[in-house]
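What follows is a single structure, and I will ask about it in a moment.
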Amino acid sequence: MSPFLTLLARDIRLASRSGGSAFLALSFFALVATLVPLGVGADLRLLARVGGGVLWVGAVLAALLSLDRLFQGDFEDGSLDLIALSPLPLELTALAKMLAHWLSTGAALTLLSPLLALLFNLTPAATLTLFLSLLLGTPAVSAVGAIGASLTLSLKRGGLILPLIILPLLSPAVIFGAGAVSLTLDRLAPGGALGLLAAFSAGAVLLSPFAAAASVRLNLGG
Amino acid sequence: MISSLTAERLACARGDRKLFENLSFRVRAGQALAVEGANGSGKTSLLRLIAGFLPPAAGRLIVQDASGDSDDADERGKKIGWLGHHDGLKPQLTVQEQLTFWAALYRGTVNTGALAQVGLARQADLPCRYLSAGQKRRLALARLLMSNRPLWLLDEPFAALDTAGQALMAQLMALHCGQGGIIIAATHDPLGLGNESLKL
Amino acid sequence: MNWLFRYANPHNFMRLSNVLLPITVVATVLCLGVGLYLGFTAPPDYQQGRTVLIMFIHVPAVTVAELAYGAIVVCSLLSIVWRHPLSDIAGRAAAPLGAMFTVLGMITGALWGRPMWGTFWAWDPRLTSFLLLLFLYIGYMALWNAIEDEVRAARAAAMLALVGAVNIPIIKFSVEWWSSLHQGESIVSGKLAPVFLAPLLIMMLGYALLFASLWMLRIRTVILERRARSLMQRSAA
Amino acid sequence: MSPFLTLLARDIRLASRSGGSAFLALSFFALVATLVPLGVGADLRLLARVGGGVLWVGAVLAALLSLDRLFQGDFEDGSLDLIALSPLPLELTALAKMLAHWLSTGAALTLLSPLLALLFNLTPAATLTLFLSLLLGTPAVSAVGAIGASLTLSLKRGGLILPLIILPLLSPAVIFGAGAVSLTLDRLAPGGALGLLAAFSAGAVLLSPFAAAASVRLNLGG
Amino acid sequence: MISSLTAERLACARGDRKLFENLSFRVRAGQALAVEGANGSGKTSLLRLIAGFLPPAAGRLIVQDASGDSDDADERGKKIGWLGHHDGLKPQLTVQEQLTFWAALYRGTVNTGALAQVGLARQADLPCRYLSAGQKRRLALARLLMSNRPLWLLDEPFAALDTAGQALMAQLMALHCGQGGIIIAATHDPLGLGNESLKL
């Protein structure tokens, strides 16, 4: 196996061993999606209107949950030093970690979303749009998140600051993603919004490995 | 293989404090250098500087090998075997899994002998959280052997090891030097390699 | 760039700002005084009545709030590309000021919105993106404060500011796109009569000078703090 | 100072030094309160209807953010061993930590809530109810949270599991709290819901120190 | 003051592995006991067992003092001064703040002399993140002194200390025993107190 795939496989294995990141992110997502209707009340028309937005925000928060450990674990126990001395460039290291994070959260959340859409009484068309928007948009969450995680990797309480740094940067993803669902509910074509979302995601995924690698390098010096 | 590592008037700063200045030394193939000094004198910092994690505040580090001289930190990094304060092990993974992972990452060979060599053969399938401090150190040592790098940087190599472990460590270090490797070790104890030492 | 770097040395900056600061402070007081006087003596607007006075406080505040982020981005670039110590300090010093002007802009806007729109807050694109700008400031400051090692904190915060700079146009665009979907309140955008324009421009200049003065003051404080801390560390080591 | 107050003061000081837990929790709360409208849309009537629920869920999530470090920091660096050997009983230790958490999150969130209620266009009466419900309900969050934090204190990824353990336990607080706000919006008296909320909180606060202390004791043996 | 600590046929299990069984020993006031053994033999576990963190799988621990015999773990805990693997220090707090906090918690006196005694007087107002590993260890030692407890449990007391620090540690241990205290220390190095030792 190439070093890149080795690292990817190991990160996924670690995520699945420690209680299963994917499982935990899914449960958190489901919990938030359940709590909000409990708080908002049982008005089905109301729930459908807010469903896209709430599920998108819930998905972002769920993905964020495991993000702070993306580099931190390897930093604290000295693995990151060893990875930095290996033949794998730090840019590819960052990409592998991002991908592992997306597979164990973003992708899983996307697969679960149609089920939660039921709770919010979304129409089948809106459910499909939600699914597509999460599929296109969650890579941006992992990518922007990786930048944030690399900036905070030396912080014991990184998990506290991370949301603060990256949520504002992710607001376009929420706007386009939830916007696409709203459009569908209004029987308008969501294509434009989805296109913008995909462009945002692509930009983030392209930029992120370089930014994250630069910031890891910075932190290794510390 | 490296024929020598030379430091020329190195200086190191942490925050805005100078730790050391004008540090020059040369270590040749087959030699070991012990870095000594009181707590906080900058031993760990020197090792991180050699590894290229920390940029020197001044001075140069030059690696000389068959292809000539080079002061490129990235290139130097690819020649380094690292044994730091921390072991870089995951509690969830078994001893064997860790070694396989690092071998693949370093394009090393998974030498099944390595575990036996450090006395962990029986623990191969045990998750690392069940290892004691010294056993973890031994596993880190196995990884160092497997990485197959000529320049070893060791931070307090004898820490957490029992008497047998310390003897093993000393023996492997002698072997590495005997094969033409270079060792730079931060330590409070003598290395016992007929080595030179550097006081910080 | 050479002249810039000469004064961008913390020591020289202390000397330079010692001279500049009194001048900018006096100019600030003058501009704000004249601007407010002209504003108060201007005739009430036929549409907005006396509440138009808030404009002279609100509009310059939001303008400076946005400019301050630009200042941070420039400092971050200087810090990453040229690794200049003063630019780190300058970026750090500008952030709380930017946040302060942002909050001022929001408070004055909200107070204005109550009589004009009948609500303190509306999800208008301009307002929304302004709120997100406040969060960018907060994130930047939080990162600075959280990382204890100064050098590392400076580089990390600079990187964040740059990533933010790439993202700001996208945020602004997305918010506008978002709101055009739904109905939105329209902000009065009439052409200004000279009686209003003159005091407004003077107030803007005054706010800019105020920002410059406070910025220099904060940079001085940060430099002094740093010196104190490194003295302490050195004496203890 | 008594050992109890000493520990309380030290925990609050630690929270304020490391970037300011209170400040970070507040910012997170405000961010969630901003992202939801971005997802849901700018319809003010709609926002008012979901405001109570969303703000309650947001407050719970914000309080949760710093919860995983409640005992974990002291456990990892060995301080908990030393605290356990001190004259302060572990029950009071748990109470002090709970109180420090509430002061630096729950109380602060409660104070901020009227401002965020503005963003959701809540009526003054509903805003007051929201404020009261958070004041009565956030102690339950810290108390139930302390139990969860003590159970997960030895886990590196405790922050991931913690929400799963405590969010379900906290659903009554969300239901009563957001329910009270809804009642007020419908011009009904929220007194009953608030009473239930207060009872829930009181129960949680009474039970929690004992449960948390027992679980800390268990973990020290591990 | 304690007149003796007696272990009767102690056994300790971690997970489902027995670490040791039938361990009996007695330490009297003024004596020190060195616990030795290979990595993973259970030295740390024994100390945690004495501290009452870990319940013994079998056997009893008895503390004898003026008020008679007692095998109550809670009561024993209040007599213990603990110096573990980890230092229990917060990077954000200054040296002085830490000491004041622990003094208040332990109802000890903030002995301003304690810092000088361990060589940290000049660092009093420095946040702990600026301390090197050895300096942190010295601060932990100051806390141990200040806690004013008769029974010291020390896990690798010499770890991370430079030569001067090790000498200081040895001297303070001798002083403690001289004042009628008891010391049980897990260590790879000799304590140099004319002590008995226990092999695990």
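Which chain is which? They are A, B, C, D and E, in the order written, and residues in each are numbered from 1.
By our rule, contacts are C-beta pairs under 8 Å (C-beta built on N, C-alpha and C of every residue); 3 or more make two chains touch, one makes a residue touch a chain.
In this text the structure is predicted, and so the values were computed from the model without any measurement.
Counting steps between touching chains, the shortest path from chain C to chain D takes 1.
Considering the contact criterion stated above, the chains in touch with chain D and with chain E alike are C. Note: the chain lying farthest from chain B is C, by mean C-alpha position.
When chain pairs are compared by contacting C-beta pairs, A-D ranks highest.
With centres set at the average Cα position, the gap from chain C to chain E is 55 Å. Between the Cα centres of chain B and chain E there is a gap of 32 Å.
Each chain gets one centre point, the mean of its Cα atoms, and the points for chain A and chain E are 46 Å apart. Chain D has its Cα centroid 46 Å from the Cα centroid of chain B.
Residues of chain B in contact with at least two other chains: 15, 40, 85. Shared contact sites, meaning residues of chain C that touch two or more other chains, fall at 132, 135, 138-139, 142, 146, 149, 151, 175, 178, 181, 233, 237. Residue numbers of chain A whose C-beta contacts span two or more other chains: 18, 73, 155, 157, 161, 164, 167-168, 171, 175, 182, 221.
The touching residues of chain A, when paired with chain B in their complex, are 1, 3, 6-7, 10, 13-14, 17-18, 73-74, 76-79, 81-88, 220-221.
If you check the complex, the residues on chain C that touch chain E are 148, 232-233, 235-237.
Note for the complex: chain B touches chain A at residues 48, 51, 53-55, 77-78, 80, 82, 84-90, 92-93, 97, 101-102, 104-107, 143. Chain contact summary for the complex, chain C toward chain A: residues 132, 135-136, 138-139, 142-143, 146-147, 149, 151-152, 155-156, 159-160, 163-164, 166-167, 170-171, 173-175, 177-178, 181.
Interface residues of chain E facing chain C in the complex, by the touch rule stated above, are 91-92, 122-123, 125-127, 129-130.
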